[in-house]
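Consider the two complexes below, in which subunit A is the common component and subunit B and subunit C are the respective partners.
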Partner chain A sequence: MRSATKLALLLGWLGYAVLPWYFVEGMSLTRLDWAAGYPLGKAGSALALGLSGQAPWLLPIGAALAAITAFVASRDAARTATVLIWAGALGLALLFAQGFAIALENQGIPWLAALLGSTGATQRGMGGGAFVTVVALLLLLCHGLAYRGICRGDLFTTCSIGIVILLIGLFIFFPVSTILRSALVDQSGAFAPSAFFARFFDSSIWGLGCLSANVNCGVAWNTLVLAVLCGVITTLLGLACALLILRTGMPGKRVMRALTVLPIITPPFVIGLALILLFGRAGVISTFLYEWFGIARSRWLYGLPGVLLAQVLAFAPIAFLVLIGVVQGISPSLEEASQTLGAKRWQTFRTVTWPLLKPGIANAFLLGFVESMADFGNPLVLGGNFEVLSTKIFFAVVGAAYNQGQAAVLAIILLAFTLGAFWVQQRWLGGKSYTTVTGKGDSGLPTPLPRRITWLATTAIVPWVALTFVIYLVILVGGFVKSMGRNHTPTLEHYATGFAIDFSNGIYFQGSAWNSFFTTIKVAAISAPLTAVIGLLTAYLLTRQKFGGRGMLEFATMLSFAIPGTVLGVAYILAFNVPPIEITGTGLILIIAFVFRNMPVGVRSGIAGLSQIDKSLDEASTTLRARSFTTLWRVVLPLLRPALVSALVYSFVRSMTAVSAVIFLVSAEYNLATAYIVGRVEAGEFGLAIAYSSVLIVFMAFGIGLIQLGVGERKLGRRKVAALNSSVSDPITQGAAS
Partner chain B sequence: MTKAGPASVEFRNVSMRYGSVTAVDNVSFTVEAGKLVTLLGPSGCGKTTTLRMIAGLEIASDGQILIGGQDVTRLSAADRDVSMVFQSYALFPHMSVLENAAYGPTVKGLGKEKSREMALDKLALVGLKGFENRYPSELSGGQQQRVAVARALVLEPQVLLFDEPLSNLDAKLRRRVREEIRELQQDLNLTVAYVTHDQEEALAVSDKIIVMSNAKIAQQGAPRALYEEPANAFVADFIGDANLIDVTVTAVVDGRADVAIGPASVSLPARGLGPGPAKVAIRPESLLLSGQVGQSSLPGTISKCAYLGNHLDIMVETPVGELFVIQYGHHAMLEPGTPVSLSFAGSGVTLIPPA
Partner chain C sequence: MHTRSGLKASLFALAAVAATAFSAAPASAQGSLVMYCGVQEEWCRAMSNAFEKDTGIKVAMTRKSAGEIYAQLKAESSNPRGDVWWGGTGDPHLQAAEEGLTQEYTSPLNKDLHDWSLNQWKAAKQRSIGIYAGALGFGFNTEQIKSKGIPEPKCWADLLNAKLKDDVQVADPNSSGTAYNLLATVVQLMGEDKGFEYLKALHKNVSQYTKSGAAPAKAASLGETAVGIVFIHDAVVFAVQGDPIKPVAPCEGTGYEIGSMSIVKGARNLDNAKKFYDWALTPVAQALAGPAKSYQLPSNKASPVPAQSPKMDQMKLIDYDFVKYGSSAERTRLLAKWDKDVKALPK
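For the complex of A and B:
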């Protein structure tokens, strides 16, 4: 047995015999009353609880550890491997079986509980001890597999694969499958497929009443219509902008590039908030129109038009970012070839440029479509009576009529839509992109745009850019006036309410926003490195290691890209509200939600970064006797540093701007900035909300600027190597909306 | 420091399959200790896969691989005493030349000073003294190649592998570097397996050449044997140029065969063939142009003639098809349409079993 295996075993005993098995609330290092009765009691270890007869079903897990311990000194490698594999696998199976079988009263799986030796007993959610034991058993199992020669006997590889699979299974597949289960049971928890069908085909979801009578259409149709409109408009705007910038002498290239950073650092609902301050009944522009032209104030903003406007403003830069890459990718020599063959400008555009653009356009459309589907903040702020799936899910969970089953069904529909779009993107577009960028230098000048296209594009772009500009002006100024639209007296009142610091008695953070602000930074700062590590490790396994089931893992990770935040939030609430994993209301669930919500960002930047590192470098390292971990640490990671940094930054920023997933998970104790702002908007305190938003935006812009300065370019030797720009921008273009 | 010395490499019925594609099909060969063996073949023939199986970068689907008599079939690359020089050199771009060369001993845990010493030693050997603190991107292609060789040599592996090491160098440099590699191999008494698709390079450096085609070994043997006695049409055509002609063996007496090449008739070593249809491979320089028509000569007409400095490339239309002829030395150009007679030199004309 190698020393690493012995260490894993030691870890297992630590978790099993020493640490508190169950989740203990109010754990602290200064006051120890939570540990009363140790090793029994609330904070008891599994060994003590098992031996004392309080939880005899925990004993077989210890038996698995004991079986492995018996082979510590064994020289028979083959037998040790067998014992490790069996004991590890059985231990894990028993651990999860008892966790799911024996839960709260009337929950769990009674027949399995009886089999495990419990008679109507209950237990609380698993805690630190259980977690450490799970990890240790998994490591032992993976070591056993490595001893058998799986993955060329590399401990690090097998263990990484095991851990990634466990984490994805536990925090993505388990919650999502819980949704499915919740959809199939009625309010009392009994299996009722008829209830599922009743909910699924409910007219509030699929109704088409708005076509004939004056009632609302179903949310599914609302969502679809909104998403299609949003996809079309953002794509057209993005395309117009990309063409203008690359194909005409239009100035402002840098400004447009800067514009693309905005959606990353802007919490999605802030645009909606600014729109209210501009066009709402008491908005600046509404008031102006009323006072000068007598145009009546109306509520047109609250509904489809407002939500659509907000989403277009929020997501068009993303479409632009995608399309500018596509337009740049069209080799000018193709168009020149067309011209030398006698085609006019317009003919060239129609026969060469446009067909080459098409796959990119479809991609941008799908992105806008999915972003709109997943958007939660804007419909919440601006929706009024216009309900979409994400807001309806929210109200089904937190509203007066708490309806878990309905939320689950709605989540399934939303998930089906986004997965469908994702599937189309992967399957249909996957093989259809015409990459025209070759490694060879391509001299040649891009054809100027035909004049009519230039005019069309300009008329679309100018109002958009102007409106965006005005909106950010409102966001930055809004916090400094008494009440935007009504009373424009300059004041610091809103900032004082939110961010006052009392220095009279030492430093006391008095403002009402500080609590959520600090929580947000803390949670984001803890989850960002975890996201980066798990994401990059997964990317490394997917691109650099060969193992059975790699296709499955790849599929699972891809799938997690497409899960909207609202769905993940609901899934977490449903799955982690009861034992065996009972962590709702804690800071831990926020961290876990962020890690798995942002994992796609880490995986994508990891894959983008790794694809630029020649595989033969890994092989060279291996033939020089380095093991996987050494190779990863000494060769891959140093070269991957830009990707690592971008993963860190973007998962941090996304954590700070996310709303949809976490709005279900925040609690009074652990509130987050975005959830707090949404609360202020709903309470009508726009001043404080906008002030807080601008603080967030400035904070993140500052942070990103600092990082880009610090790690803008990777230098290898004296000659510059193309920096990983693509990986820096990639997560934004590809990650689904928060 | 224990030095294992060069070790032999043996393949026993080794196959490599990726799904339904067979990259290497039931291959057996031996690389003797201290010898340089070349794996030669067109792209996609399985030579690089074979090399990577020696390294342990690919694990064989079937068969046995032995290094120094020990079965290493299932050992990973990190557990084999084998180093490799990659086609792309695979120098770590974030490490200096010295750090690159010292990588092996460093990750082996030999300590900083010791690693540095070993690296400097081998860098001096390849003539890169004074370049220690440069980065790979600051070196020329030839220098990068030397760093790659030094890095592979530092651990004094039992077997050293080269994967098309010269393909990124220009033609002049290629000749010099291949001579250096050969010298190094002989001076240090290394076992080397060397992959190339350039037959001239293979002939120049090898003790033994293994010609591969379609995942199988087409022929293995000393360079001279391969050139002079190709076992089949593929080898005859791949190593050097050859005119392949369908012929008839009329009679075999005492190991000599009477062969009818069109109207001409020649006597060749039978190589185990009996009377009947066969093929003959004729090197272009073994076809001699002459004026007279004899019993053992082939009539023809010049169809093309190109001047290439030290020789002429000539195409001659004959009753057995168009033949490629090389005339060395300074001859006058030949006008197309000129009637000629082709006779056969004493060597470079070989019978080959029909495919």
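For the complex of A and C:
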């Protein structure tokens, strides 16, 4: 038995016999009043509680650990491996079985509890001790598998795979299956598949009344139409912008690039809010048009046009970031070849450039489509009578007619749409290679755009850039005037309400926004590195290791990306409010939600980065007898720095701007900035909402700069490779591009 | 060696984060109270701060709409996190009481309360009590009405004026207690058949069914709509600010809400919840509403009434049947009927 295995065993005993097994409320290192319940009370260890008869069902888990301990000194490697595998797996199974079977009163799984010999017993949620024991048992199981020769006998690889599978199972599959299960029960909780069909085929979802009469169409069609339009328009705008920047001598490129990044770090619905202040019936521009030109004020903004406009403004930059990489990657020598053969500019564009752009366009479209489907803030603010799935899910849960089953059915439809889109994309692009960046030198100059394309692109881009500019002007100014749109007296009142600091007696953060602001920073700062680590580790496993179920694992990581935030939020509160994992109302649940929501981006950027690093580097390291962790740490990771930056930046930004996933998970003590801002918007305090949003934007820009300074400066060291540098430098592109 | 130490280090880091940094749950055993607050932020904050100051009990307050709080109580019912639910329109409180999400309590201060407050208490089988009342009505934008050249609306019937087409806003009763109050009021005032005829006619003028109940007041104050159907005190807020909005108590008579308070069943800090409950019914606590720009009528007879508050004794109020219209069955039936007969209608 290797010393790593012994260490894992020690860890297991630590969790089982020493640490408090259950989740102890109010436990902290500074306040020790919880220690009164140690070792036999509330904070008792599993061993003490099991032996004293308070929780006898915990004893078999200890037996598994004891069985392994008995073989510590064994020289028979094969037998040790068998014991590790069986005892580890059995220990884990027993641990989860008792956790799910024995819960609060009238919960849990009665027949399983009876099987474990403890009918009617109750217990609280698992805590630190249980957590450490689970990890240790898992490690022991994976070590056993490694001793059997799985994954070339590499401990690190098997353990990483085990941990990633456990995490995904617990924090993605378990909550999602919880909510999907509720689609099949009726209001009283009885199993009723007929209720599912009744809900599924409801006319409010699939109705087509809007085609013939002036009524609302089904919410599924609304969502689909909006998402397709959003995908098409964002893609075209992004493409136009990318072509103009790379292929023309247009002035103001730098400003344009800066403007395109802004919407990414803007909390959602802030753009919607700014649009109301500009184009609403009493908006600045509407008023101007009315007073100067007599154009009647109308309500066009509320509904499909307004939501679409807001989404296009918010998501076009993402399409742009995807497409600029693709346009950059098109080898100019191909175009030169075409021209040498006598083709006109337009002909070259049509027959050479355009086909090469197609895959990038497909990616950008998919991204706009999915983002629009998952968007919750803009339809909430601007939707009017135009309902989409994400808002409908929200109101099915919080509305007067609390209807969890309906929410689950709607969630299934939304999930089917997004997964369908991913599937189509995989099918379409799967077999083809769409990278044109080769190792060969490429000295050609990009062909200038044909004139009509330039004109077309310019007419599309100029209004867009102008609008983005005006919107940020509104956001900037809106925080400093009394009431945007009506009373433009300069004031610092909104900032004072939110961010006042009282210096009279030490420093006291008096403003109403401080609490949520600090929590947001804390949560983002903790979850971003965890996301990056888990994401890159998963990417490494998926690309560099071969093991059964790899495809499943990849699908599972993408699943959490496709699940709309609202659904994930509801699923988390349903799954984690009761034992065995009882973490609602804590900061931990926010961190976990963010980590698993943003992980796919870490995975994607990791895969993109890894596919550019030649495998021979790994192999050289392995040949020199480095273990896989050493290879990962010393060889792969330094080359992956840009991917690390993008994973960090993306999850940091997302943790600060996400609304839908966390609106159910915030609690009194752990409130988040976006949830707070939504509340302000709801209460009509637009000034404070805008002021807070500006603070967030500035803070995020600052944070991104810091991350890039911290990680990026050492980026690649002497091994700087142009191609690698250019393609991975961008967080969002990598996220969903591949 | 890298392998082991690195792996172990990262595992320990994970475990440490999980076990220590965030394991402090919001409600520690003593001296704290978890409060779900259903009114606007400023009032919520004033209440929690004042209670904290008076008693030394640490209050963890979350502000959410009444519907969201109800959803949260329901989701958490197997393992409650909250202690007291203060504020928000009475219907979801009644529904929670009916479903056993909240628990009975008889406060020594009950004798000082208005009858309507105790009616709520009786309707909820002692599980909820009235803390403020506000009448339903509407607010209209004076500038918009003037530019349309129509007389100022004074009655429910005036809102059917064809010139107000696409210029009335009200919330969707499926998501808002305010709008459900309108639905129930109209049914009680005009009878079910005539009431639905009225709502169908009104549907032609409604530009948008908003999500949140008070949103139409904001929209009317901004001029985004000419008329917003809301609780009158919500419109008063903007009128006091100097916005061109005028609150109206409709001439035919109108319904009202009873903002309520309930103690969560299985509250972890039950004693503190009771302390808060009693405290919140005192004139001192109820006097916090006015300065926080909330102009509802307080439930304690001795509480001062904010000067700007709509005078409910001068309005024609219907005898609102909270028991009937607060019950799950009636509510579900009316909402389904509204969805089918009104919302699905072409414009």
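Operating definition for what follows: the second predicted complex is superposed on the first by the 615 of 738 C-alpha atoms of A that agree within 3 Å, B and C clash if a C-alpha of one lies under 4 Å from a C-alpha of the other, contacts with A are read in each partner's own complex, and residues count from 1 in each chain.
Everything that follows uses one rule, which is that a residue touches a chain if its C-beta (ideal position, glycine included) is under 8 Å from a C-beta of that chain, and two chains touch if they have at least 3 such contacts.
A quick note: this is a predicted structure, and the numbers were derived from the prediction, not measured.
Once both complexes are superposed on subunit A, the partners subunit B and subunit C fit side by side without clashing. Applying the stated contact rule after C-alpha superposition, one finds that A:S621 touches subunit B and leaves subunit C untouched. Contacts of A:T630 after superposition on the shared chain: both subunit B and subunit C are touched.
By the touch criterion stated above, A:L639 is placed in contact with subunit B alone, subunit C being left untouched.
In the superposed pair of complexes, A:F395 makes contact with subunit C only, with no contact to subunit B.
In the superposition on chain A, A:G149 contacts subunit B only, with no contact to subunit C. Taking subunit A as the reference chain, the count of touched residues is higher for C when subunit B and subunit C are set side by side.
Between subunit B and subunit C, the minimal CA-CA distance in the chain A superposition rounds to 8 Å.
Residues 627, 630, 634 of subunit A lie at the contact with subunit B in one complex and at the contact with subunit C in the other. Across the complex, subunit A meets subunit B through its residues 149, 152-154, 614, 616-617, 619-627, 630, 634-635, 638-639, 716-719, 721. Considering their complex, residues 55-57, 59, 74, 76-79, 82-84, 86-88, 90-94, 103-104, 107-108, 134-138, 151-152, 155, 161 of subunit B touch subunit A.
By the touch criterion stated above, subunit C contacts subunit A in their complex at residues 2-4, 6-8, 10-11, 14-15, 17-29, 34-35, 40-41, 45, 60-65, 67-68, 70-72, 74-76, 78-79, 81, 91-92, 166, 172-177, 180, 207-209, 211-212, 214-215, 217-218, 221-225, 238, 243, 331-332, 335, 339, 343-347. Within the complex formed with subunit C, the subunit A residues making contact are 3-4, 7, 11, 19, 23-29, 33, 104, 107, 127-128, 131-132, 135, 139, 155-156, 159, 204, 209, 213-216, 276, 280-282, 299, 302, 380, 384-385, 391, 395, 397-402, 485-486, 512, 526, 530, 533, 570, 573-574, 577-579, 582, 584-588, 591, 627-630, 633-634, 664, 666-671, 679-680, 682-685.
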